[in-house]
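Here chain A shows up in two complexes: once beside chain B, once beside chain C.
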Partner chain A sequence: MRWLFSFLVLALLGAVQALSSSGSRLLVVLEELAEKDKYSEFWDDLRGRSYTLSFESPKNDKLSIFKHGERAYDHLILFPPKTKGLGPSLTPKLLLEFLKKDGNVLLTLSADHPTPSAIVSLLLELDIHLPTDRNALVIDHFNYDTVSAGEKHDVLLVPAPKALRADVKNYFEVDGTIAVPRAVGQGLGNTTPHLAPILRAGSSAYSYNPKDEAEIVEDPFAVGEQLSLVSAMQARNSARFTVVGSVEMLQNEWFDAKIGAVGSKEQTTTANRAFAAKVSEWTFKETGVLKVGRLQHYLNEGKKNVNESAVGVPEHNPGIYRIKTDVSYTIEISEYTSTHLSPFVPPTADDVQLEFSMLSPFHRLSLTPLAQTANSTIFGTSFVLPDQHGIFNFRVNYKRPFLTSVDEKRQVTVRHFAHDEWPRSWNISAAWVWIGGIWVTVAGWIAFVALWLYSEGVEKGVKKTQ
Partner chain B sequence: MPPKNRHPTSASVQPSAPKSTPSAPTTTSSKPLNANTAQDIVQNVWDKYVQRTPQRVKLLDTFMAFLVAVGALQFVYCVIVGNFPFNAFLSGFSATVGQFVLTASLRIQTNPENKAEFESISNERAFADFIFGSLLLHFFCVNFIN
Partner chain C sequence: MRFFRSILPSLLVSGACVVSAASSWGFEDATLTVQSKGAGVGGGLKEKLSINSPLSKQVTLGATDTLKIFLTTTDGKKAKRPHQAFLTVTEQASGLEESFIFSVKDSGKGKVELTHKDIPTPLLLASEPLTASLVIASFGSSTPYRSKAFEITIERDQNAPIAAGEKPVRYGKLEEIHHIFRSDPKSPPKIITLVFTAAVLGALPVLFGVWLTLGANVNHISKALGSAPVSHALFFGSIVALEGIFFLYYTSWNLFQTLPAAAAVGSVAFLSGSRALSEVQERRLAGLR
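Coming up: the complex of A and B.
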């Protein structure tokens, strides 16, 4: 009986375990299910990472991404519909609701059919802009594939993306060149910190409608690196939304297609398969997921401290501190990568920072990595509390592109000196004069009282003799 | 001089008042009241004070002068050197000021010349009040200076 039970537990564990940190239920919305064979290698990759794939057509009336008010799936892959939209069960409102409930979405676009306005408005809501010309695609006359698009120049060859900035981690590093056939370029709004381009077009690319007969492109939608071919949006709740400009790059034929760059005779294989894996890993939260472990703050003063407990170890996370005391703060941060938690190492140009704030920060300090455990880095710092009493927060607010947000707040009270915590008067040499003043007064008073009593006695004696 | 006029009355009410009764007649005869120079006036006042003031009042006056000196010294030091730590200055200075006020009260209450006004308060009672108030003051000052 027992071994049966343990088998059951093991089986359940196997069913639950997924590489994604947020679940394994994946819904693929595909208009023509016959088309799914074109992407079989992509599906195999996903199944190999233990996702349970469900394929649905948007035309299916029973399709719903919610069940009993909760998400029915953890992740969503949307294929470009050939008709006007994705139907009543996948309206922009419902998709945003899905994001709000921590679901992740991978949206693909295609230049073969005009993008439906429902998707355009959904993207607009996320500040991702598509060309106003719905048939436009991205063309590059210098970095095209000579094998398949020698004439049309609409299959772009893009080198693997580098880190966005020196202080941003790169989760999309692949070996080789990525082929992007017939892509819809996206323009990213520059007011939101939630957007980041994953793959940008080359500097000579531009957006253009091939059905347009004009010789010269006037006023293109966007040019060069403004055009994002694959872009990422990470919401405040860390739900991820990725837009892939070209659905064709996920097809089997492009996963191992031979391509030839302009000016070189030799043909190479695309890195699309690895890139697609990287993009889906990131979108479905297999990479770039941060987790906060133990968080501590404590008084860092030798024997003198007030909050010390009986065992001689300073009390951890006390609710109250005194002004001008030395305080230490440590936070344990792990990064989830595909199968396990590993120590989080911030990019070289970046720091995890601690704010000690009451309305506005009184301290903003970079945390230094103090130690590493098997699967986490312990960051920490020590500082002297400001000379200001009140309600303060220890806050680590770490929000970076491609990383899930960390916002840890711990509220503490900072009190002023207690009556018996001030230095004694004799420890301050400047006070000695006035200490002397008091005691001279007291001594004079005692002498006076003695003399007074003495003189009174004399008078009484005099009175008696009289 | 009003004290001189008032003095015999107080002496008649309380014949046991010490020393003031014999000194009263001597002051009137020792020197002429009209003085020409400022020095004469001061000398005159001083002589009269020495002759006519009871010994306990003189003791009180000495103590008060002592307190004024100590207080002034502390204040001058504070002005010259600075007031850090301020609570120490406050308690040191207020010890002298408070003691001065208490002593002044004792002087008013026990002065034989004010006998009529403080009929109900005996010298012993006034002195006990003084002791109590002084101890309280000293306790406060020592506590405040920390």
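Coming up: the complex of A and C.
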């Protein structure tokens, strides 16, 4: 039996060698297979990160991203079709189904051909808006590549993206300038927290339609930093969907193109290769993936018992606590970085927070990192349970842009004081009068019984006259 | 190059780069007017905008005012129509931006109109003056123009406040919550408690004293013990023991320890009590008490 088991383990080890935390089967859908050589360096990079690439044309009737109702691939790269759409096997509905089943999609757009309505409606489902003119492209008269687009200004030079906010990690930092040729700008809906721009256009950029607005731009779709050139959507199930506004930026030609910024005679090389790697790493869940290890909560009895061993022991957490007791909570969080799990360190302006809630949170506390193991950080805090009995949850709901969501709930009962847990009456000074009264009565009663039993009658005469 | 540097310092400041091109974008004959709805022609603010430096005067835009800018865009010295002619309004603190598009004719004559209706709500609610800059640029190698033109203060109508709108949901750190506990029950000052406890405890000696003055005594104890020693000792002892059981119940025992003990002591009291009390009756009948 044992040798069978070890064979099984070996086989499993073989299967989990991909760098992505969610699988290595990658399907590339592009219309003309001949075109794939233009992107060979990108494919080589992906193969170098141990993906198995399959190339299919959307026109292929047998193409299906599902097999027996399950995903046939883990990741999808979609190239912009030159025809009307992506065909019956890649309808928006099927692609959303693919996302629902935890598949990741990297969608590329190009301003060279009108964007098919199937893709526009797919993006609209995700609240990503494309220009109403299907031919629109983004230009910037201030930051363009003087080498290749001195006249048309349609090759944008964008500095490497900075962190979205002070409390968000930057997974797309590259060294150098990114060239974005002939991009389709995207507008991101403001209402959803699932969308985030990866690469924004410069403040002087705008989107225009080269056919209708050749002379002067009159009603641009979006202007400046509202234009997202590369945008990310992470669904509730942490499936990732990235829109790259310009498929050309992934071409070999642009991976090491010499570019010249406006106003400088020096020519530099683009950082497109590094940026494409960062974007695909993030999309295919090589970065920004969080994993929760051991989660503990226990009655704090003054001992410091943070267990720093990372051995996956089952949870033995109490199911019941009393109100107003001091409770400690620890949670172990790792971050997957390309090859291994490493300790998760949140940005300085951010904190992992614990909620102790019954319907609404009674406590919401920031967890502090207590210790680090080889591949995880142990966050924890201690607090006094509220003076309210009921069914409560320890909940860590850590959702942040670019990070997979963590939502860990542990239910506990919080009971009120048992009859013998209250302070004794002699500890309450107000009760002393009553306690004294009781014992005075007791002593008086015993004295009265003794008197009644053993007293000699006196003043008989008085008694008789009565 | 040098020539440009000397006459267009603002261009450099604004970050617009100087290319070794023959010409650069700009404008001339730019006028800015702010007109209230009620005011007649000629009323309101009228200023000339300069290509080199921003307007020193603050521009105020009231709720019913219309801001208009007329200008002629130029490429080099010639009037020409650019592809991009924007009036960009920026809130410096947040970096929020909105661009308003000039409608420019072939001759280069351009015009833009701005009222409260055109400005997005977050910019309307800005507390600091907004920075308005002019952006004029086009294809080709001419140097694009971008420079701060004036500062604009939004004057909101006090009678019709603008709702800020709901803040969209963004994932991030939330504010901490600390449960507010009900306050602990309080006892009165100890001195008051002690005074009243002393009064209660003092009642006992007072009671004994009163009994003594009335002639209370225990003279019959030897007589009682002489005639029924066992039953008297047991009866009185069981009454004291019952109080002892109550004391133990109060301090440490639970009900299941208390009840059997109380039952045992109670039956002893019942059995011995009938003997002891009949002895007391005998003494009464004998006229001794």
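The working rule: the second predicted complex is superposed on the first by the 414 of 466 C-alpha atoms of A that agree within 3 Å, B and C clash if a C-alpha of one lies under 4 Å from a C-alpha of the other, contacts with A are read in each partner's own complex, and residues count from 1 in each chain.
The rule is simple: a contact is a pair of C-beta atoms (placed from the backbone, for glycine too) under 8 Å apart; a residue touches a chain by one contact, two chains touch by 3 or more.
Everything numeric here is computed off the predicted structure, so don't read it as measured data.
Of the two partners chain B and chain C, more residues of chain A are touched by C. Looking at the shared chain after the overlay, A:Ala430 reaches both chain B and chain C.
Using the contact criterion defined above for the overlaid structures, shared-chain residue A:Thr348 touches neither chain B nor chain C, since it reaches no partner. In the superposition on chain A, A:Thr132 contacts neither chain B nor chain C. By the document's definition of touching, of the two partners only chain B reaches A:Trp422; chain C does not.
In the overlay built on the shared chain, the residue A:Thr191 is in contact with chain C alone; chain B does not reach it.
In the superposition on chain A, A:Ala450 contacts chain C only, with no contact to chain B. The residues of chain A shared by its contacts with chain B and with chain C are 428, 430, 433, 436-437, 440, 442, 444-445, 449, 451, 455-456, 459. Of all residues in chain A, those touching chain B in their complex are 422-425, 428, 430-431, 433-438, 440-442, 444-445, 448-449, 451-452, 455-456, 459, 462-463.
Chain C contributes residues 15-19, 81-86, 88, 95, 97-99, 101, 103-104, 135, 137-141, 144, 146, 168-179, 181-182, 187-188, 190, 193-194, 196-197, 200-201, 203-204, 207-208, 211, 215-221, 224, 232, 235-236, 239-240, 243, 246, 276, 280, 287-289 to its touches with chain A in the complex. By the touch rule above, chain A contacts chain C in their complex via residues 141-142, 146, 150-153, 165, 167, 190-193, 203-204, 206, 208, 215-220, 223-226, 261-264, 324, 349-351, 353, 355-356, 361-366, 384, 386-387, 399-401, 428-430, 432-433, 436-437, 440, 442-447, 449-451, 453-459. The touching residues of chain B, counted against chain A in their complex, run 16, 18, 55-56, 59, 63, 66-67, 70-71, 73-74, 77, 81-82, 84-85, 88-89, 91-93, 95-96, 99, 103, 123, 127, 131, 134, 138, 141-142, 145-146.
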